[in-house]
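Let me begin by presenting the structure, written as structure tokens, before commenting on it.
Labels A, B, C and D are assigned to the chains in the order they are written; within every chain, residues are numbered from 1.
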């Protein structure tokens, strides 16, 4: 409750700026955050930001007050309020940011904090699912948005929105323009629940009602609309911009309102009408004429006022009666007169009845579609259908809950406490007040429309425009809407009358996508990570062979003719002996033979060292070889009897891989040794060993002096190996006995 | 100056040696380890200070001029990696004081950790390819032993694969050293960088690069060479996994960066494409692996792979901005990934399991732990304003500036799947109610809960979280440093001149 | 012999890889050891070899007298041999202990740690 | 394995092995040999002893624990590099007593000290491994 003071204070501060911003001034401040990356925290308060900021702080204060009572007695409210305040702050940051990256940061923060708000009832599986759905969709769109914003920044050469909007032409030529636009649109569509991403919003009704009232009517879902409005000076007129917004906005709008009237859950009705309203806004932005922008700006405010109010009312009803089913509710007005009045006022605004603010908004909408150049009958009828269904929905929300049939409730409802009533009451009063005295808000909305559509004609809201096409349309809508409501009212099974196959719903597509993603993840992982060591090894060796062959194809097969030029018998003998021993090691059927042959190979290597002037190596090799064989013998009798034989085909495949590998290595050695070696090191060691290193055995001098660091490392390896072997052998057997060695 | 460099290596080495003298005396080993790791971190800070002043510090071991002896080189990148090594060693060390079982301590856990830190720092500082091989081998043997220490069935199974595949990688490494020496007749990296231009055919250099690609590819766990990692990383106690996750694959990546900015700088379409392919597949297949797992630590381990993909992506793009992103990304994942591992360990202490199915309800009972997890997990998923966002942002921007749209697409999709896998953990471990059917486990759990969180295990987690949030909020100095590092890496002359004295 | 060595190296590499691709514990370790020989020999050979003439400074002389073998690769190979020994020794014991605890003689059975649990 | 002849033989052999290993160690700087090879030879001697008398008795006979040898060897190797640092030189710079000429070894200096460290460590390592395996 006390928390409500923060947004209230911010609201008051904003109001102090009201005059100057309405006058067209821009309040801004900036702080370099990460200049290396071109990111600053720069804030910018113009008409559009002001409109949103007022909504965020104003409704925020009301919602916090409301939630203080609503959430009483629920668990972990402190975490809840923490998330809510975080959300509020980030939402405010979003609409005030001028730097597109800091805007994005706040954008993501709203997704983040809303995840926790939607998942408040996290022990409930559905709640978790809804929260995740909302998170994944908005964050997925966020990724597109990030790419889009960066492209925008690269194309426009600035990260500041206020500069970018002035560089529309420059951007249009940059080639990144269309990509940036598409990506930003995707981001906004996900956030603002546009078709086909709309379904997360109704699911998000799993959140406590104050959250829905705040996030899902007035603020978060409008962020997408806000950003579209913000960038529309850049994209207005671009190919595809209008068409995309019109088509998707239109579908969302009509679909949303149609589904809304088929619902019985109060919050679901509100959610779908919100979806529809967001579609309407996107569509208006898509029309993009001066008048459409005005309509959009007005509708943003109108919708926030009545929808916020209705959500709060729904919360009160739910709270006091324990039910949100409109078929079970009814005649609550007597017990809840204040709530009922607020709801009725809000519904009238929603239905677009004068003198409420919603009426003005509807007039402007009609005006903008009538003024459209192309397709106006189609858009007009879309508006008409939506308007009609809005009227019906308004009837459902007010008449069916507060009047109409007797309710089927077990408990006797009573009016909510004042703290909960304040919110809906204030919002309802505002709906009336701004409708009658639209001049109060006119300058601000005018500024906002100027921001979205630079050079727009001044806005001049009036309740009464005289009798014109818009008014006639409006009235017809009303009549049709009442008829629609009657139809809904007397057909309680409307929902089941129209069967829509699950499979064509986007939510089904989402589920399918997530499932198939999980499936794909599983399949790929099982294939790549199948648990067979030999497959891993062959992947490694195979990769090497492929890469090496690609490189080696530029080189010819080295010349082998020199091979027999200078041969000595014992060389050949040793070579052949080693090859044979190696062969026997490979094919031996007994462990002992294999190890004996291995020893032969090892001593053979030592012999090679002797031939080529490396006595130290030979000595070491011989000693090591002996030790290895001893080691082997020590552990051999603990090892499995030889050997499991693989099937012939696999064996053959492995044979091919290893033969190829061997051949490549031979090829490489011959290739490299066919070039002369730059031997500046060799010469230096030859000369310096005795005078500088005080030793005649150059190899030893290198080991203990010139490159003694290597030797140090080498002995560390040995020491660790000893510790490791000790641990391997003793760990299980003598776990905690005191150790003697 | 050169002794400042010496200290960061000498301290952990002496720490390890003295721990060996106190064999089986766990108490003294603890003290030695703690002192030496703190001292090492301080020495690393000191070295960083000094490197910031002097750009590059070189220690010519034995006083022999390069390229005849072995050079140890501290430039921005390597110093920064050493500093991270110190910090993570200290953090994980403190954690293990509270978490590691006594038996493992008695069988050399502390000296092994010291040697591991010693070898990792050595690998970062080495300026000589064969010497680098030696550091790799010390690192390998100590990680082998740490991996297997305890002889549980899972550990041994994992260790056999880990050991085999890494020995194979060493074989490629050694062969690669042979090829490079055979081509240039020298081992000093700076000297090679100079002489590689006179190799008769650039194809030969590419051939050498293939060897190192395999060797470092295995160490850093890129596709299709990463198989050892999912097979083994989750098997030892969590402190060991955490230090491996923090450092070992990063050494591979470091070697990649070093070799591909210093030595293999010739124009090669083949290598460019190879890196791009590797980056994309590693990112994506890695994160798919994480999405498929249902065990806390396995998700985290497999996920390491996808982040290596990001780092390779930066290297593949190769511009200054991209390398800057890579440097920042390294800080980010080292902090965040280590932290997540440690948190999984704490959850295991509390609830007695790593299986998502058996866990639940942690958010309810341990909100603070949940908060720590949320910060790290969402940071990993790239949520702003946490460090993961900056890391992703820099790389994505670098990709878009350089028209690497394909890589950016994969990177973003990977980010999405990362979010998916992290939220899976969050859902199952923290939000979900604890499954009630296993009553026996419950009793056991209660017993464990009393031991539960102690100061030693919580302190490092909190500290790392603070640091990771710190580098996000104060991203500017880090990015500034990262940019300097990138600049230094992209101008190898600085390195060469400093190591060889003068350009020859 | 200089010309035989590349083939010998190739043969050792091939034999080693062929062995490690088997399912048997013992073959795995023998294969790794052979691969170790192969890479040591490769490092030795590829750095160019000189017959006879170990790099020992004769009494009375100050420097090596031509022809002499390049001492540097020898030092490297020596280090590599020793390191290889340490690591192989550990691997041998690891495999032995692994065999005892995992209780299978088929490497293909070692796949519990990779398995996806669902 | 406790045959009298073998025992007697080993009793003679062990000092021989030991002396030979020292010889290899010190001549290493000027002729084939060196700390590593020498360490292996020395430990082979002890290993023979162990084979004959069993690890338990060998261990009792030689008071030094292998792990101590390992640590000592490492320490010696490190310190041999540190002495020049104290003298103001770079790490591991060879310091020589130039005027001294010892038979077999040549001039004594820190690199020789380093080699002795290698020798001790190798001995300790091999003993540790063999004892571990033997006792199992």
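Quick note on the criterion: a contact is a pair of C-beta atoms (placed from the backbone, for glycine too) under 8 Å apart; a residue touches a chain by one contact, two chains touch by 3 or more.
What you see is a predicted model, and the numbers here were worked out from it, not measured in a lab.
Undergrad: Name whichever of A-C and C-D has more C-beta pairs touching across its two chains.
TA: Between A-C and C-D, contacts are more numerous in A-C.
Undergrad: When you take the mean of every protein CA atom shown, which chain's own CA mean is nearest to it?
TA: Answer for the innermost chain: B.
Undergrad: Find the geometric centre of each of subunit A and subunit B from their Cα atoms only, then give the gap between the two centres in Å, rounded to an integer.
TA: For subunit A versus subunit B, the centre distance works out to 26 Å.
Undergrad: Indicate the whole-number Å distance between the mean C-alpha point of subunit A and the mean C-alpha point of subunit C.
TA: Each chain reduced to its C-alpha mean, subunit A and subunit C end up 48 Å apart.
Undergrad: Between subunit B and subunit D, tell me the centre distance in angstrom, where each centre is the average of that chain's C-alpha atoms.
TA: One centre to the other, that is 37 Å.
Undergrad: Which subunit B residues reach two or more other chains?
TA: Counting only residues that touch two or more other chains, subunit B contributes 13, 16, 20, 23, 61-62, 130, 134, 137, 141, 144-145, 148, 151, 160-161, 164, 168, 175, 179, 182, 187, 230-231, 292-293.
Undergrad: Residues of subunit A that touch two or more other chains: which are they?
TA: In subunit A, 522, 525-526, 529, 531, 533, 537, 541, 615-616, 620, 624, 627, 631, 635, 665, 668, 672-673, 677, 679, 681-682, 685, 695-697, 703, 705, 707-711, 713-714, 716-721, 723-726, 728-730, 732 touch at least two other chains.
Undergrad: Would you pick out the residues of subunit C that each touch at least 2 other chains?
TA: 20, 28, 38, 40, 42, 46-48, 54, 56, 72, 76, 78-79, 82-83, 86-87, 89-90, 93-95, 97, 101, 107, 110-114, 116, 118
Undergrad: Going by the contact rule at the top, pick out the subunit D residues touching subunit A in the complex.
TA: 28-37, 40-41, 44, 47, 59, 65-67, 70-71, 73-74, 77-78, 81, 92, 94, 96, 106-107, 109, 111-112, 114-115, 117-118, 121-122, 124-126, 128-134, 136
Undergrad: Which stretch or stretches of subunit C touch subunit B in the complex?
TA: 20, 28, 32, 35-36, 38-40, 42-43, 46-48, 72-73, 76, 79-80, 83, 86-87, 90-91, 94-95, 97-98, 101-102, 107, 110-114, 116-118
Undergrad: Considering only the defined contacts, which subunit B positions touch subunit C in the complex?
TA: Interface residues on subunit B, with respect to subunit C: 130, 133-134, 137, 140-141, 144-145, 148, 151-154, 156-161, 163-164, 167-168, 170-171, 174-175, 177-179, 181-182, 187, 230-232, 234-235, 292-295, 355.
Undergrad: Can you list the subunit C residues touching subunit D in their complex?
TA: Those in contact with subunit D are residues 54, 56, 78, 82, 86, 89, 93.
Undergrad: Touching subunit C in the complex: which residues of subunit D?
TA: Those residues of subunit D that touch subunit C are 30-32, 36, 125, 129, 132-133.
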